[in-house]
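In structure tokens below, several structures.
In the two assemblies presented below, chain A is common to both, partnered first by chain B and then by chain C.
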Partner chain A sequence: MQELIVILVDGLVFSSYLFMVAVGLTVIFGVMKILNVTHGSFYAFGAYMSATLIGAYYSTDWPEFGGFLAIFAAALVVGVFFGIVLERGLLRFLYHRDEHIIVLATFAMFLVLEDVLLIIWGTDPYFAFEPMTLLGSVDIVEMTFDVYSLTLICLAVVVGLGLWLGLTKTKWGKLLLAVIFDREVSQAMGINVTVVFTVTFVIGAIMGALGGAYIAPTISVNPGIGVEVIVLAFAVVVIGGMGSIPGAMIGALLVGISRAAAVHKFPEIELFVIYAIMAVVLSIRPEGLFAPAQARKI
Partner chain B sequence: MGILKRPGKAALLAGGLAAAVGLTAGAANAADEVVMAVPTFLTGAGAPAFGVPARNGAEVIIEAINKGKLPAPYDKSGKGLAGRQIKAVIYDESGGGVKQVAEFRNKVQKQGVDLFVGYISSGTCAAITPVAEELKMLTIFPICGTPRIFEEINKNPKYVFRTMGHATADGVAEALYVKANMPDVKGYTGINQNYAWGQDSWRDFDLAMKQLMPNVPASDKAQWPKIFSGQYGAEISALMLSKEPLVHSSLWGGDLEAFIFQGAARGLFRKKKLLFSVADTSVYRLGKKAPAGAILGARGPYGIFAAGVDTPLNNWFRKVYQDRYSVPPVGGSYQAAQGVLAAKYAYDAAAKANGGKFPSTDQVIAALEGATYQGLAAKVHMNRSNGHQAATKHMIGVLEWDKEAGGPIMTKVTEFGPDCVMPPPGVNGTEWLKGGMKGAKC
Partner chain C sequence: MRYVDKTVVGLSIAFVVLLFADFFMAEWMRFIGLQSLARGAVALGLLVLWRTGLVSFGHALYFGIGAYAAAMLTLVGYHDAFFLVLAGTLASGLLAFLLGFLLRRYRAIFFALLNMAFSMILYGVIVKTEELGSTDGFSVLTPTFLGYAPQGEAVQTTLFLFTLVFTYIVTVGVHLYLKTTLGGMSMAVRENEIRVEYLGYSAEKVIHVKYVFSGLVAGFGGAIMALAIGQVDPDSMANWNVSGEFVFITILSGIGNVGATYIGALVFELIRTYAFEYAPQVWQFILGGSLLAIIMFLPDGIWSLIDRLRKSEG
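Coming up: the complex of A and B.
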């Protein structure tokens, strides 16, 4: 019983991590139909910015819990800056091009931003463990867990719910859904698609950066961290269905809990499990579990 | 238009002239220089732990060699390699084997490289080995650890050398240390990255333990996280639930540091004894966050283990390195510098045997084959694999925090001779371990 509960908790924490790194990717694809490889850069810049701001914050005498604000500030700064610069400066010139060209362009930007990251922060790793240390640990079924990782579950729930409510219950969300359903008709009906695209891309960028910013206190922020995230995020998004927020959540839960079970019961197949799930899902539903229905144009 | 054209032509002419002058200068330089390519990780996850420290270590030594400022025993050997200045071409090893093989060919065939001293990844070394032999290019691997280089890929090397012990030595030294210091240990498990290095490290440690402590059971649930995964929550839970008190790990760099942060927050290091193969790469960076009481290795007598080696060469290296980079040298710094020193030794010895004239590549190879030369921290014996594979002493100890000095130190250090931890010449490491490590001189 203890092992089962531990697997569940481990699985939920990892699922939350997966959801946080994947949700921005799926939001951007859902609205803009762009497979955004630069998402890995948002994550990496978010992590570096977070580590930098946390380091700066804890070098002051300000209240300890204020350091958490640095995490969200980092995500906002990185997301807004890169979201606007990339969408306005690059992607808007490519919307009329083939989607493969756009993927290649975002991949090129990812490579460029990897080098920019090295120019700004160098190759030395950055540590920002203070928020994790501050929250301490808690025992669940005689197993010690760090509270910070558990808060990731709450963050994922808040972000997931927030995005879902925002999309389904607000005017802005309904405009987005209209654009998702049919870009041309939405434009004809007077929706400013340009603004919708920019705002969506910025939101996706903030989500990607928030994933990195929130994970930063638990890792060594190193060059190359963005690369690993893209692969995982793609796996989750493909399983859940490209462009579906509930899909990303279910995909993350499927992968996270299966992986945790594998780590505890069959550790040698830990890596295999993630891609086995993807293969099985795609063989049954090639569009993913929750892919939004495609409108058929006549 | 005409006005616009003229500057264009002038610029072209100037560019052409500049290029011609540059080429001439290059050709002139080539006669009195030795072009040494130094591939190392300058980007990606391998850069902070190994790549950049390796580059820094190589730079310090190359600069001193060119100025003739190396301390004893190299203080009377003159400037450069056999009198010629080293022109170092330091470049990024990232991108994988295919890219690096293409880069290797490019450097040899188009850029006139005379020798290579570098490569950190075992995968890259494995890919480069046959190409170096094909192109007849002197290549010194200072760091990569897989035993397969001379045991499987090239059993009869001519142009390829490796100037440090391979992964088998690490596993044997670690098992010997556990046997001597934890004789009552009830079992062991592991967490190693699921790729060549992690698998080789666990295999050799496990095989050595089975020979040295046959009654101590190994876990059948050793952990295999993906390299660079960075998230170890489930693995840490599994390790804490396991009944084995000893955990072997060859994690390195960012993975190691993330594992330490996450493990410390959950009390893993209070509950289990950790044995880290290559954690020396992180101890200075982590400071007090490094888990005191953990058993540590550095793949030989390097990094933090060399802190107490009181020789003019080592003292000079540590001081120059610390002054320049504001951190002490770690394992990769020592190992890369040791590779460059092999070139220094071999070129100078070959020139001496050649009556003072600059030696041919074959003469340099002959000088290095089977040689014993002085590394920064220990003597390097090139006495395995027909004189192409080095054996050095090995060191394992326990990490502690020195309150007075305000830094990490190694305690309870045990030294193992090269013939104790490396398989004898001509013997395959895995077979040697399975056969009971016959011929080991401990």
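Coming up: the complex of A and C.
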């Protein structure tokens, strides 16, 4: 029983993390039909920027809790900057090309950004533990969890709810749904698809950066975190169904809890349990669990 | 003479030239050449798949299986290159045959990603297996060739000859296959699968055949790579960005001609080697930048340059 609770809490924390890194990817895919490998770079830049800003913040004597603002500021700066630069500067020239070519272009951009990251921050790891130590830890059934990780669950819920409400209840969200459903017809109806695409990409980028920025205090921020996270995010998105926000949530929960269970029960299969789930889900439901139905063109 | 066309002649000339060049090449050139042949073979498999409109982001799976199968056999006492490469190729081919039953039902991005999922499972297994050296991998012992046990530089010379002969046979074979009716079906599958079915062909079978073939050559490339480098490790053999590099080479080459894949692989290898040598801080930057440049300015790959040249002549 005790172990079960530990697995559950661990799993929830990890699921929230997965959801945070995957949701931006799924939003971008849902609207633009682009599988964005650069998402890994958004995450990595978010993490580095956050670590830097937190470090800078805590070298001043401003109030301690303001450090959290640094995290969100980092995500916003990284997301808006890279979102606009990449969408306007690169992707818009490729919309008419084959989907695989676009994936490869984002892969190329990912390689480029990996080195930009190294040029800016070097190879040494960065640490920014302050926000984590600030919140301390709690004991749940004799196991110590740090509160900061638990707040990740709240963040994921807030972000998920926010996106879902924004998409279904606001005018902007409805425009977006129209574009998702049929890009050409919505354009004909007077929706400015160009702006919708840019805004969507920026929002997706901010989400990716926020995932990195928020996780930064709990890890040592080092080169290579982007490579790891991108396949995780892919797996979650593919399991849930590409383009579906509830799908990303279910996918994250499925993967997160199974991995937590694997870590506690069978540590040797921890790494590939994620991909095994992905392979099983895909072989039963190729479009993922929650993918919107697609018309087949003859 | 209906089997002999310009491509076959071109490939044969290149084959003969390289055969002789092998004895005069500097060691580093031969090393780059070997790697290009190995990667080019994988790209050849991807080219065949791409003709049906399918792109795999997971062929590091077969590359990795081929490399690890050959490498593991050297550990248990088998050293003959013919046997090692054959075993690596067949192991990958068998896996591709089995997974093919599942994968042939998928198209577009799902095909690409399901392949990636399988390749990441292999990556996960290797990383977690201490006996296989985990993330460090392990060294591959020097191969022998039908009892001939070369030493020093002769190892690479012989390996190059060995690789050259097999890639030549495979490449000409693929070229001839693509000219047959079944080979020609691949374009038809890409353009309109449903019509292919109405014509009485099974699109899934066409795809399955091509998939097994791409698995076989990827395994071959992997086994060669393991012997050429003398070391196998998961990050350069089985991780997802390795698969990305294979697709990169395919784009670089274009899918116009089978010979182009080796030119593409050579260009890739040169960019990589020189970028790593002279600008180790930014080699990924250079690699990514060249890929972007190709995508933007040379959408049909290097081969399209030759086509353009021909057109301006004619």
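Here is the rule we go by: the second predicted complex is superposed on the first by the 294 of 298 C-alpha atoms of A that agree within 3 Å, B and C clash if a C-alpha of one lies under 4 Å from a C-alpha of the other, contacts with A are read in each partner's own complex, and residues count from 1 in each chain.
What we mean here is this: contacts are C-beta pairs under 8 Å (C-beta built on N, C-alpha and C of every residue); 3 or more make two chains touch, one makes a residue touch a chain.
What you see is a predicted model; the values in this text were computed from it and never measured.
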**Q.** chain C versus chain B on the shared chain A, clash or fit after superposition
**A.** clash
Q: For A:Asp146, select first, second, both or neither according to whether it touches chain B, chain C, the two together, or no partner.
A: first
Q. Which of the two partners, first being chain B and second being chain C, lies in contact with A:Glu114: first, second, both, or neither?
A. both
Q.
Contact-wise, after the overlay, does A:Glu268 reach chain B, chain C, both or neither (first, second, both, neither)?
A. both
Q) Who does A:Tyr57 touch here: chain B (first), chain C (second), both, or neither? A) neither
(Q) Once chain A of both complexes is superposed, is A:Ala276 in touch with chain B (first), chain C (second), both, or neither? (A) second
Q: Would you sort A:Asn222 into first (chain B), second (chain C), both or neither based on which partner it touches?
A: first
Q) Looking at the overlay, what does A:Phe82 touch: chain B (first), chain C (second), both, or neither? A) neither
(Q) Let me test your reading of the model: by the given contact rule, A:Tyr17 touches which partner, first (chain B), second (chain C), both or neither? (A) first
**Q.** Set of chain A residues, in rising order, touched by both chain B and chain C
**A.** 114-115, 118, 227, 268, 270-271
Q) For chain A, which residues count as touching chain B in their complex? A) 2-3, 6-7, 9-11, 13-14, 17, 114-115, 118, 123-125, 127, 129, 132-133, 137, 143-146, 148-149, 215, 218-225, 227-228, 259-260, 263-265, 267-268, 270-271
Q: In the complex, go through chain B and note every residue touching chain A.
A: 42-45, 47-48, 51-52, 194, 221-226, 228-231, 233-235, 237-238, 240-241, 253-254, 256-258, 261-262, 265-267, 285-286, 289
**Q.** Of chain C, residues touching chain A in the complex
**A.** 55, 57, 102, 105-106, 108-110, 112-114, 116-118, 120-121, 123-125, 127-128, 194, 239-241, 244, 247-248, 251, 281-285, 287-289, 291-292, 295-296, 299
Q: Using the touch rule from the top, collect the residues of chain A that touch chain C in their complex.
A: 35, 37, 90, 93-94, 97, 99-101, 103-105, 107-116, 118-119, 227, 230-231, 234-235, 238, 242, 268-272, 274-276, 278-279, 282-283, 286-287, 298
